[in-house]
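Structures incoming, each one as structure tokens.
Next, two complexes with chain A in common: one pairs it with chain B, the other with chain C.
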Partner chain A sequence: MVEAFNYSQELKQYLHRIIRRVDGLYAIIVSDRDGVPVIRAATENVPELALRPGFLATFSTGTDQASKLGLSRNKAIVSMYTSYQVVQLSKLPLILSFVASSQANTGVLLGLENELSDLLKDIKAAVDITVSQ
Partner chain B sequence: MEEALDKVLDDTMNMPGVTGVLCTDKLGLCLGARGNAPAHSSGLIATLANHAKALEANAEAPPIVCLESDSGNILIRAKDGITTAIYKVPSGP
Partner chain C sequence: MGCCCSSEDEKLSQDGDPDERTRLILPNPVSNSQVNHSDSYGSVPSSIAQQADEQSALSRILMQTANNVIDVSAIETHMVEQHEYIDRATQYSSRLTSICHSASVLNKLHRPALLVDVPALDRVLSAEPISASDLQFIRNTSDHAAAAMRKVVVTHKEDLVVNFGIP
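Showing the complex of A and B:
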């Protein structure tokens, strides 16, 4: 139990390091399909609404609908707002979400997918074990 | 729609010493890539150009960034909201 807690703290620190490195990035959230956060790292700049499961879960519906457009399975959705942008990536059974300033570099956020792939693999394995138990 | 851009990218690729070319917008979203220029590096390329520009905010012409390594050189320049990166073979000793 203590080990799991330490590991989760380490993951959070890793995500915070990425947030500090990328200009305008406010939060990284790894959640399940229902928007329930598995792990998240956020600064005080992020709007509280963007961290709620209700907000994060809208991606599941969006990606399902976008997959019906005949362009094969949808992988990512970028939502631009006046002050913020939200980049969400489908990593079933997980969702990777970035909340950032609208001025932040969207390409860098999309590129973080490669960097976080190992971390997601670990979390996915843990989620699969939990589901099968 | 992007025929003109495709032609420029193809023409650039045919220049001597060029191994790859990439164009990105100011948000780092890739507009086109050829050769060994990875499309997922568009964000980093746009960031490099922006940071270089911030170093010389009063300069009339946008700066050209040159990244030199043993495996090759990358030339980056931002102009009119478009950032272009050209990947070249390594320069001689």
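Showing the complex of A and C:
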């Protein structure tokens, strides 16, 4: 149990290290299609509304509809706000969300997908088992 | 007669992908089959089955069309209930603990990196430089270290090649 706790903490610390490294990044959230977080790391700068499942789940609807526009499957949606930007990537059945400052480098945020892909594969396997149960 | 036409219709819909210009609903065969239904009551079971097939084909077409239509206002948003949210979050965290034993995940987290990213490089570069005394101290120390390194001498005492266990 202690080991498990440490692991969970370790995973969060890893995400926090990425947050510290990328200038302007406030939160990394791995959630399911309905916005229920699987793992989440956030600083105090992130607006609370951006962490709500209702907000995160809008991506599922958005990506489904955007996939019908005839440009093949939609992979990511970047939303720019006055002070914030939200980058969401489709890793079905997971959603990878980054909440950052509007001044942050969007290309760097999109590039984090590659860095997190191995980790996401493992998390995806865990979630898939949950769904099948 | 009508059955022949309708079977052709079924073939089109069941075989999957007809040509993109193929009409989904052929007007004549359908009307023919409808006439047949009213005319002959003897073939009721087959006509019911046929009707059911048509219905399922139509509903399939309707569903497919509905799936392809972009209508954001008509989309029902599935809000997760509070208890369901908690249940799922707990389930996910327990699942995460189950994958913690696989060494691959931990190895990925501890992957060593020779170069480390420095966030906000402009701030680091525009920071105050170190004081002159500190700089002098560093120079003196490095000079002493270099001098000490130069004085290191290897003294030769034994043969470089030694035979082991050879009588």
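To be clear about the criterion, the second predicted complex is superposed on the first by the 129 of 133 C-alpha atoms of A that agree within 3 Å, B and C clash if a C-alpha of one lies under 4 Å from a C-alpha of the other, contacts with A are read in each partner's own complex, and residues count from 1 in each chain.
Everything that follows uses one rule, which is that contacts are C-beta pairs under 8 Å (C-beta built on N, C-alpha and C of every residue); 3 or more make two chains touch, one makes a residue touch a chain.
This is a predicted model, so every value here is computed, not measured.
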Quiz item: Among the partners chain B and chain C, which is in contact with a greater number of residues of chain A?
Solution: C
Practice problem: Could you say whether A:S79 touches chain B, chain C, both of them, or neither, answering first, second, both or neither? | Solution: neither
Quiz item: Is A:L110 in contact with chain B, with chain C, with both, or with neither (first, second, both, neither)?
Solution: first
Exercise. Please work out whether A:L11 is in contact with chain B alone, chain C alone, both, or neither, and reply first, second, both or neither.
Key: second
Exercise. Considering only touches as defined above, state whether A:R20 meets chain B (first), chain C (second), both or neither.
Key: second
Quiz item: In the superposed arrangement, what residues of chain A touch both chain B and chain C?
Solution: 23
Quiz item: For the complex, which residues does chain A have touching chain B?
Solution: 23, 105-111, 113-114
Exercise. Quick one: which bits of chain B touch chain A in the complex? Just the residue numbers, please.
Key: 24, 27-30, 40-44, 46-47, 50
Self-check item: In the complex, chain C residues that touch chain A
Solution: 68-70, 72, 75, 77-80, 85, 88-89, 91-93, 95-100, 102, 104-106, 108-109, 116-117, 119-120
Quiz prompt | Parts of chain A lying in touch with chain C, wherever the complex brings them together | solution = 3-4, 7-8, 10-11, 14, 20-23, 32, 34-39, 53-54, 57-58, 61, 65, 68-69, 118-119, 122-123, 125-127, 129-130
